[in-house]
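Shared chain: chain A. Partners: chain B in the first complex, chain C in the second.
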Partner chain A sequence: MPSDRYTDVALEEKQRLFNEVKADARYESYLYGCYECGICVAACPSARFYDFSPRKITQTLAREDVELFYEQLNDDVWNCSQCFSCNRCPRQNSPGGLITIMREVAVKNGLRTTKEALAGYTRIIYKIMTTGTQVSPDMLQEDAFPDWGPQVKAVSENLDVWRRVLPPETLHTTGLSWQVEERTMHELYAIWKMTGCLDMIGELDEGLHDIMEEIMDDALEESGLVAE
Partner chain B sequence: MDSLDVRVNGTKVETSRKFERDPETVRDEDLREAIWELGREGEWIVQPVPEPYYLAPTKYGRLKKIPLEHTWHHKSCGQCGHIPGYSTSIFWLNRVLGYDYFDPRDQTSCTAWNYYASATSNQAAQAAVAMRNFSAAYETGYFPLIHCGTSFGHYKEVRHELVHDAKLRRQVRNIIEKLGRPFVMPEEIVHYSEWMYAVREELATRRQLDVSGITATVHPACHYYKLQTGDAIYDPEIYGGQRTAAVTGVVQALGANVADYSTWYDCCGFGFRHILVQRDFTRSFATLRKIEVMKQEANPDVVLTHDTGCVTSLDKSQFAAQAHGRNVGVPVMSESQFAALALGAHPFRVTQLHWHSVDYRLLLEKMGIDVDKAWSEFQSDVDKVKQGEMEYLTWEHVL
Partner chain C sequence: MANADTILIVGAGPAGLEAARTVAELGKKAILVEAKADLGGTPYASYATLTPDLKETEASMKHMLDAVQQNPAVDVRVNTRIVKSEGALGAFRVSLSQESKETVEEVGAIVVATGFQHFDPGRETQMYGYYEYDDVITLVDAEKMFKEGKVVRPSTQEPPEKVAFIQCVGSRDRQIGNKYCSKVCCGIASKQSIEIKRMLPNSKVFIFYIDMRMYGFWEDQIYWKAQEEYKVNYIRGIVTEIIKKGDKLLVKGEDTTMGRPMEVLMDLVILSVGMEPSKGTIEMSRIFQIPREEHGFLQVVGGPLDTVSTPVAGIFVAGAAAGPKDIEDSVSMGAAAAAKAVGVLNRSALHV
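The block that comes next holds the complex of A and B.
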């Protein structure tokens, strides 16, 4: 199916990104073919609220329609909930898994639409990559979660003392979910560097990348861990 | 459209059709032999499940070893960060049952929440994070017990990839060796709700409160059973073996009623990225497809689930929906918190329900708990900490 969107992007560039998706080692085991039965769509939460279809994405990849692939890479993949309800597929496709790969390629190539989709999320990336825990107690702030009701305010106002009245010793924290050893964090930094994850952030947000690189390089130098 | 000739009332499937486990239809292979074979070939060290263990039935009939103790608790960042009574209850139950466990600091998040939210990672990094944690567990002599449903599902995916992809395995082993750590794969990947299932009868014998008047609906967590589907607990006695028995088996053993609802397969709407920066979707899905359906079809006293994101989505989404006059207002918690309450745990010192959004007072009162008294006791702890009379609440205070 021809796409009338993103006509300013050369077909070669779309093909290059498609090839990158296809080259992922998981691709072969996520895509076997598609009956167009729609079971994945029936099970998909995102399909109920967005103009989104895991079936269409699977079909597009199976047909190697690079024009439509590029449109979905920009306009669709960030709607997916990544719940993997679509793994119910009778052909044993994993539309959710295919979308994970497509998202990775979108991040690695710094697509504008990806930057927009992840705007506001970068503080979470900073938290997980630098501390080893994704969400911390001090992120429960009224202005960040106004729709969660007054209980969020109660938590933030009482945070220090409420964390101290938790019996597990490891939970006496406010900036991390639990106490993580320094060496443990440094090992995580080494993993991010050795696997190219830190470089991925450079494509997404250069400022965030530079801040994290400085933190990680200093820590790795101090700990003597080799990250090459 | 005609309705299907399979009706479910609670967990009894009203059908003459018998569910037969057929090895020919197994979607996910049993990786255990391959894991041991790779161990024999020197590709990695296999950490065996410590004894004593429980043999639990899984989807296609294989028996899974669930360690009862000597467990290394792989904590969940969302649980520990925002709903800390979840993890506290798991630890508390281990202590009540007298089981030896280890709560590590040499542990990172699985980082899969971020991966499924932003894709700012890759296959090798995700596998290396998993194997670093497994290595840390092995070095303590304790066996990993995974608290988060997403960590559990994701680690099963990682295990599958590492078994099948020698190139990836070598790359990750090289990384782990550079960290100065052994390369270790546990014999089984075990979720805490499987441990709960394994000890359900022990929990039942220690029950302090009568919960027979409580009706619960169960939300099975997607990443628990939709990723690597064969490796999840299915009990022929529960839902005819056609849905996971995790959570439900425990709640029934405790004597509470489990009521069914039609959208049980739907996800909670968490969405990973959505819960943090696009919550209109999460709120809508969690309330319209889950809570309202449960209310209409089962009118439960409580919603019970077994994953970080599900408790968060289903609980936090109800406040805004209430403002729109929707039919919501059911407390949400993990089955570990519910079991702890049934065994006499303090609702604020242990299950820490003050971190939850939906009003839980009615449920507690129905369980026979004096909520005002309990809150006053908790406030007394808070005052002691504020006044410097007590540095922290400790396990000695709550056991």
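The block that comes next holds the complex of A and C.
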């Protein structure tokens, strides 16, 4: 029996979200059937550290257990590291792929638990979506990464010099992980907008969405790329 | 030796039919004895379709029945029982009783193919209420409905919305005394679940199991097919008891897949009853002095390398009289037993 954490949510709403996951074009090729061999859990790095099971996610979807699906959509899907080690499934299921779809549905629908799970990632979302690169060298500050040891301080003080020592010129950057062509960036913005990825962020964090939209719209207008 | 060319075959199910046909094809005569009025045995009498191909039993087995009924080398005796046996290899004298008329036949060798009977789910530790609740039925009861082209709740005659199969009823249970797996019930339940979903696409079908055991091609032919194409729910965990709740059945068990206790309401519960030696098989053990192995079935001497020779010279066993068998095993054993029976007769004829 599912927990009583989400009894206040109507079954119709849970069913609606389940149908949205099921309607995804990838769903059919990600889910066949499960005989509970456990190979996905055995291969899963997250399962070693969290109360998380790609097998249970797959099994729940195969059973079309809507109550349990809703629980997992809220409590479990963000424990996955999306490494796809689970794809070695002998039935050719993709538990990680199913989780990708569930995450997208969770984000698009702005679930409260999703907002909470992703609250700490605002800076990373901003960086990826506006620059196409994730963690930039100037984010490596002593106070942010004390576990990286005392050398972080030394490196961060002369970051520009250290970066310029690296042989590839494209890595002589501090605010980006590597140098990104302006044209590439503009194409990326167009993709975010045209695929609806930017809109997804709107459900999650309106403020973040508005800031990024402004950056992208201005850049696209300047570039002449049409995003509609 | 007077009747060294005749082989007695007891039981006309798939194993016995194949044994009789093979004896005739190898140039000997067969007497095929069947206690019931019809040939074909348990599958023919009780199953609308066969596992794993889901083809209609009567149409599929017709050629086997024709092969013995239209064969001058096979003497078919229905409504006939074995009452006594004397003599030994090469010269058995067997008394047959047909509608209280007794005859004695002299035969050189014997193939026992008296099969199994379904486990009675009303027995002992079974808390499934088979004799209490109309909507708790067995695989056999379900097949009867399928023969009429329907699946309904016996209590209301309405189609069920939720159907549960419970596996291993009467099998793999030390409390009951049956330590063995009955081999075919996983396949039959999966086959039936496909048939139910075909008739009632909006129904939900669950199979509660200990392990699913579908060997070889049955894996993808019925197990994967049921799960992937028909969305049958396989839940690992056996139901402890069934309680009536309103007009539904409350099924209690552990969902070990999800690691939690489980209580679900069902409209129809189908018990996957296993195999036990039939009354005929036990009777043949007594009459022909064939020892029974530790599970109660007829004993064979060759382990995995000779599946049909019993400890009694000149007497062979085929099919589920020797333990749980699927139809392909039974038919293979029927032919093997016939070949070995013909072989011993040929050898004893040479010694004369």
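Following the convention adopted for this analysis, the second predicted complex is superposed on the first by the 225 of 228 C-alpha atoms of A that agree within 3 Å, B and C clash if a C-alpha of one lies under 4 Å from a C-alpha of the other, contacts with A are read in each partner's own complex, and residues count from 1 in each chain.
Keep in mind that, in the parts below, contacts are C-beta pairs under 8 Å (C-beta built on N, C-alpha and C of every residue); 3 or more make two chains touch, one makes a residue touch a chain.
From a predicted model like this one, the values you see are computed outputs, not experimental measurements.
Superimposing the complexes on chain A yields a three-chain arrangement in which chain B and chain C fit side by side.
Once chain A of one complex is fitted onto chain A of the other, the partner contacts of A:Lys56 are limited to chain C, with no touch recorded for chain B. More residues of chain A are in touch with B than with the other of chain B and chain C. Once the two complexes are laid over each other on the shared chain, residue contacts for A:Lys22 go to neither chain B nor chain C.
When the two structures are aligned on the shared chain, A:Gln179 is found in touch with chain B, with no touch to chain C. In the superposed model, A:His209 makes contact with neither chain B nor chain C. An angle of 90 degrees, to the nearest 10, separates chain B from chain C at the C-alpha centre of chain A in the overlay. Contacts of A:Lys153 after superposition: neither chain B nor chain C is touched.
In the superposition on chain A, contact of A:Glu64 is made with chain C only, not with chain B. Of the two partner chains, chain C is the only one that A:Glu36 touches; chain B does not reach it. Closest contact between chain B and chain C, by C-alpha atoms in the overlaid model: 14 Å. Once the two complexes are overlaid on chain A, none of the chain A residues touched by chain B in the first is touched by chain C in the second. Within the complex, the chain B residues that touch chain A are 27, 75-82, 84, 87-88, 91-92, 103-109, 111, 113-125, 128-129, 132, 136, 153, 161, 164-165, 167-168, 175, 178-179, 181, 222-223, 226-227, 229, 265-267, 269-274, 276-277, 279, 281, 283-285, 289, 316, 319-320, 349-350, 352, 354-357, 378, 381-382, 385-386, 391-395, 397-398. Here chain A touches chain C in the complex through residues 1, 32-36, 55-56, 59-60, 62-64, 68, 91, going by the rule given at the top.
Residues of chain C that touch chain A in their complex: 212, 223-224, 227-228, 231, 233-236, 257-258, 260-263.
The touching residues of chain A, when paired with chain B in their complex, are 24-26, 29, 43, 45-46, 48-50, 78, 81-85, 87-88, 92, 100, 103-104, 106-107, 117-121, 124-125, 128-129, 132-137, 139-140, 145, 147-149, 151-152, 154-155, 158, 161-172, 176-181, 183-185, 187-188, 190-192, 194-197, 200-201, 204, 225-227.
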